[in-house]
Amino acid sequence: MSQQEKLLEIKNLTVHYATVDGTVRAVENLNLSVDAGQTLGLVGETGAGKTTTVKTIMRILPVPPSIIKNGEILYKGEDLLKKSQKEMRSIRGEKISMIFQDPMTSLNPVLTVGDQIKEAIELHTKVNKRKAFELAGDMLETVGIKRDRANDYPHQFSGGMKQRVVIAMALACNPELLIADEPTTALDVTIQAQVLELMKRLKVQYNTSMIMITHDLGIVAEICDYVAIMYAGEVVEYGTREDVFLRAQHPYTKGLFTCIPDMYSDDNRLIPIRGLMPDPSNLPSGCKFHTRCDYKCERCEKEEPSVVEVSSGHYVKCFFALPQNVASSKVSVKMPV
Amino acid sequence: MIKYILRRILMMIPVMLGVTIIVFTMMYITPGDPAEIILEDGATPEAVAELREEMGLDDPYLVRYFRFVSDLLHGDLGTCYAIGQPVFDRLVQTFPNTMKLAALAVLVSTTLGLLMGIISAAKQYSVFDNVAMALAMMGNAMPNFWQGLLLMLLFSLWLGWLPASGFSSFKHMILPAVTMGTSSAAIIARMTRSSMLEVIRADYISTARAKGQVEYRVILRHALKNALIPVVTIIGIQFGRQLGGAVLTESIFAIPGVGKMMVDAIKARNFPVVQGGVLMIALSLSIVNLLVDILYAYIDPRIKSQYK
Amino acid sequence: MNNTTNTATSQTLPVYKKRGQGAEIWRRFRQNKNAMVGMCIFLVLVSFALFAEFIAPYDPIEQDLLNIMQTPSRQHILGTDELGRDIFSRIVYGSRISMTVGLIAVGIAFVAGSALGVICGYYGGILDNVIMRFVDILMSIPAILLNISIVAALGTGLQNVMIAIGISNVPRFCRIIRASVMSLREQEFVEASRAAGAKDLYIVMRHIIPNCLAPLIIQATVSIGSSILQCASLSFIGLGIVPPTPEWGAMLSTGRDFLRKAPHLTTFPGLAIMAAVYAMNLMGDGLRDALDPKLKN
Amino acid sequence: MKRKKMSLVSLLLVIALLLGGCGGTGGETGSGGESEPVRDTLIVGMDREPAGLDPTSTHVTTAVMIFNNIYDTLLSFDNEMKIQPRLAISYEQLDDVTYKFHLRKGVKFHNGEELKSSDVLFSFKRLYDIPAAKGQVSMIDPNGFECPDDYTFVLKTTEPWSALPAQICSSYLNIVSEKAVTEAGEDFNRNPVGTGPFQFVSWTAGDSIVVERFEDYWDEKALLKTINFRIITEATSRVIDLESGGIDIALAVGVTDIERLRENAATDLIQFNHTGIRYGAFNCSKEVFADKRVRQALNYATNVEIIRDVLYDKGIGAMPATTSVIPILSGRNTDLVQYDYDPEKAKALLAEAGYPDGFSVEYNFLSNTKNTRLGEMLQAQWAEVGVELVMAPLESATLTATLNAGEHDFCTANSTYALGDTIEGLYSFYHSSMHGTSRCRAYLSNPEIDALLDEARVEKNEDKREQLAYEIQALVHEEAPWIYIAYEYYNVGLLADVQGFKPAPNSAHDFSCVYIAEK
């Protein structure tokens, strides 16, 4: 066992989609890992393969279009891809659970909220119906919803409240890993803050490790311990929050930061990254980012860069990646306290 | 909810009134004289004139219509020209048979339709999907009187499993119900398939799966219940089709139902029976539609709250 | 909303081939195998209807009383009927009748239904209520009983059968049109055009009808099939097409008395009806998937 | 991984199909023939539902059949159409117009009452105020009835009328219990009381009429306990039901099923000449058909031989017809010859009559398979002589109205013979006074024929009546108002073990002597 057992380790995972217009290479030999009790931020534009990755972990990708080419997903040393459906079912919801993006549609409109949480509990704990309903009530209380609302239907809750219900459902069986796929994107800012606050509190209370998918760097700064920047199906930069925020080296990561308005600097022009996400069905050769990179050279177009560990735990996939002692970052970002 | 049901029942009254007007006018303008049919061979001109007078067939349109409606309000549907039996008794004898048949036919078409719809949605683009849909549509495309005869040949004559005609036991109802049911199974199957496809892609299905729920329960408990909502309305409409389909099926399988009675009545210009029959059918259809809407609210809580 | 990153536009937009909407629908329709099968059967039947004179080997009405009810043989590929007429020729000519009944009956229902539907949907108010109650009444009487009473009132014959079937299909079209018109009425582009001073008729013709063509075409295709079935049912009760005009329903109906002795008298007209209705259903479905992309997934 | 999930769902499908599909089928094996206990219930599949069970309400063939089993008339026809005593032991003719009937003693009605002459009087008297039945007693003097004592009954006719005994056998004059009719009133139509071998049990409209053996019947008791007359309108279903053992007797079996029922070991077929004739009738009151030559021309233009072969499967289903009087009746003119098929002669006659290039004729008919085929054949044959036959099918109500009003050009019909009496039949077909009644389709008005008919009607002497009948038929043949198609056989299918069924020409079949043979 390595020094601290990795809760989850993804080794060169490759997932493609066979669609009418050709195969889409959504994830290309991705490597990632999450330690127990830690929160990993997975950042990238839409279409970078974030959702595909986490859905593959949960094994809920619809098989006809998606094909898992190769790679392993080790959860406490066991490869989830080899597990049978029956075994996966005992993991889903109990060991690993997931929250989806749009609270409006992630609750079954024809079942009461209490029933849906009760279902999660009954699936994994041997309790009778009444006890399960009671536990469901407790979960609602923990996420700040009065217990007597358990018999209401989803359409009787606001967006924020619904997301709380979803969180309650996900944490009902006290999972070790919680995957949140852009949990707050569909909510407006004030509600977003409340939900994030709740998730931080519960993370500590239940000591759950978490994978937070987002394209909002504000959330990453507030809640994540480690950050992985994904681009076109692979991780281009990985490190602690400080590594990525303060010592980002990959041009794409730096580009992400230049797009955010900075309250403290009076420079009012935002510098967007040129171009759009490449078409996943015909990805560029060499470094996939070279079509939009300002620092690109011929080598970038032909060869694929290997991953360089610029400092302990800080990896960058770029030819210009320099080990830590030399680099100087041009960008300074005030860390919100 | 009760208020909504009352309002719907009140709304039925103008529709029923409209039905009486349409049916009465239709019968009024139809050529052919019931008196002559009753007299058959004894139809000498004077006898016909005398009978017409007796039956009040010579009165003007409005007089006859209001007599018909006033009788109706007193619960008297008039007497059947042919047999002289009150129409109400004839309906009491024949209507339950047609309703039983139509209900069984709807059951057949719903079970067939739902099964095929769910399976072909779950196994989309597979061989089964195309075969199921093709078969369902074949059932719909086949004229049901021809299908009835062929089924009778196969199951009653060659296999001897089921009685060919008549209506005394449950076994008598299987063949006619299947004949009528297959024609609307296609529509229900297609509707279920498309609404299932839509529902299967919804997030709450992934949530259910993410909870570790076993697949068939995800399909039945989560997907099907949501997919049923648009399908329920189709089933309501199918009931009307089945009543129509019953007309031919009843004559093939010699079933004493309203359908067959109506066809003979229209041909014999048996006005009271036609008027009574159509009213009863229209009433039952409206009631079925109301039941479907209530079922609709029961299945979809979002609509129930609107009705409060 | 929250701050989303890089919504930059850029020159290297991948260029999609500019496809006309029609071509797109045809591409999706072509991909649906079942729909293509339906289309082929439909084309065969239409060619039967149009070129009956050339395709049919014999005159459909010419009797040959010496060899009646012959089973299929070389001269008569589908055999001869109860009066010695060639069944294949009668089916070929029969497709002309059935197609005409289907098209004209649906035409009547399409025009009348749409007119009523647009008036109800667009104007609403008491007019809408009255017409819709009338439609409810028609819907609450099974189609076949409606057909029988109309034919009994107007008398048998091709023309009256078409009118009867047409009338009994009006409610279906009226409801579909009304639903889509009511939803379209609220759309911004209709209000915009009204704001630009367009008259109601113009709005209806220019904006509303083109947008609710999709459900209409689907319903029309399926209704052609059901009209052929209804015509056959009328013939079965003896109220359908006047002999000796060859019509599938009448052939099936007269053939049923010889079901045991000469089954081919009923099998081929029955199959013809099935093929026509089946083709219509398949095409209807294909159109539904093609015109309604949401379902394509 | 996904595959396994789907197999679960398909397993579900199989279970559901098993449950839904053929769940309820019992262990009943194929049709009869095993050693079941001998059935004492006879199930008869009939094609038409009688309008009512009051003898005055209708005289449809199926109704006449049931009436014959639950009522008795004073006199009745046997299977050779000879008049036999029934409720009246004997009768004597006192003078030209008076008849005296001696009633059988100790005859019980189904309600226990004893038959008295008052019941007979009541059964005759009530006909006068029923529009549908009035015609049957038009020749009987309404105030000429007398009941000297409980067991004798006297009636007078309005004028000397040789066909009176035949009229007494009519189904309209079945004797009903006065007490039952007065008590039941309107409902008598639904629960009849008579003196017949079977008594009424139940009638489910559109489905079946059930009668059971009347224990103290005045004649020998019926062999079977109950008879269930089931209404199966669809001919094909009726035959299939017979062959699959669902019913014991199938009435009105189509021509095409005759051979198969004969060959099938489990079934039998009985064929008999019933009192009907299928013919085409020209409306002589119409200007185009007023001229005899036109009518004769169309007779020459019609190849009846081949039409009969096609319609009746080469003679299996019917006999050639050369005159309107049916074979089993006396007085049938046997030396008349059918118009042979000679289109040239037809054209010549048409030209002579002033229609060298033909004309157009409308053909009204009830649209069923037989009429349609007949019409289409005539259409083809007449076209060769330039006459265009336009098909105008009408459904039953409109057809009856059109024919009774004489608005048709040409029609076909299958009329049963009035009262089973030669002269009455000819009278109802051809006498000018009968225009507008249901049997008179030709609207012939020929003074010479009318005179002969009137004379024959009152003629008492049998041979003289037959002589007159010969003459009338010869004249009618010359006038050619009809095209005789055929005397149709009436076909009845039965299961092999059904014995003792003797069909009656006027369809008044007697079921009391029917029994089921042990296997």
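Read from first to last, the chains carry the letters A, B, C and D; within each, the first residue is number 1.
Here, a contact is a pair of C-beta atoms (placed from the backbone, for glycine too) under 8 Å apart; a residue touches a chain by one contact, two chains touch by 3 or more.
This structure is a prediction, so every number in the text was calculated from the model and none was measured.
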| item | value |
| --- | --- |
| Far-end chain from chain D, centres as C-alpha averages | A |
| Selected interface, A-B versus B-C, where C-beta contact pairs are more numerous | B-C |
| Distance from the mean Cα position of chain C to that of chain B, given in whole angstrom | 22 |
| Computed distance of Cα centres, chain B from chain A, in Å | 54 |
| Geometric centre distance via CA averages, chain D-chain A, whole Å | 89 |
| Between chain C and chain D, centroid-to-centroid distance (C-alpha), Å | 45 |
| Touching two or more other chains - residue numbers and ranges from chain C | 152, 155, 256, 259 |
| Touching two or more other chains - residue numbers and ranges from chain D | 5, 236, 395, 397-398 |
| For chain A, residues contacting two or more additional chains | 64, 85 |
| Contact set on chain B toward chain D in their complex | 31-34, 36-45, 47-48, 50-51, 54, 82-85, 90, 93-94, 108, 111-112, 115, 118-119, 122-123, 128, 149, 152-153, 156-157, 160-167, 170-171, 174, 215-216, 219, 251-257, 260-261, 267-269 |
| Touching residues (chain side chain C, partner chain B) in the complex | 33-34, 133-134, 136-145, 148-150, 152-153, 155, 225, 229, 232-233, 236-237, 249, 252, 256, 259, 266, 270, 273-278, 281-282, 285, 294-295, 297 |
| Chain C contact footprint on chain D (complex, rising order) | 235-236, 239, 254, 256-257, 260, 306, 309-310, 366-369, 372-373, 375-377, 379-380, 391-395, 397-398 |
| For the chain B and chain C complex, residues of the former touching the latter | 14-15, 18-19, 22-23, 26-27, 29-32, 130, 133-134, 137-138, 140-143, 145-146, 149, 153, 186, 190, 194, 197-198, 201, 240-241, 243-245, 247-248, 262-263, 266-267, 274, 278, 281-282, 285-286 |
| Residues of chain A defined as touching chain B within the complex | 55, 58, 60, 64, 85, 88-94, 97-98, 100-102, 105-111, 119-120, 123-124, 153, 155-156, 166, 169-170 |
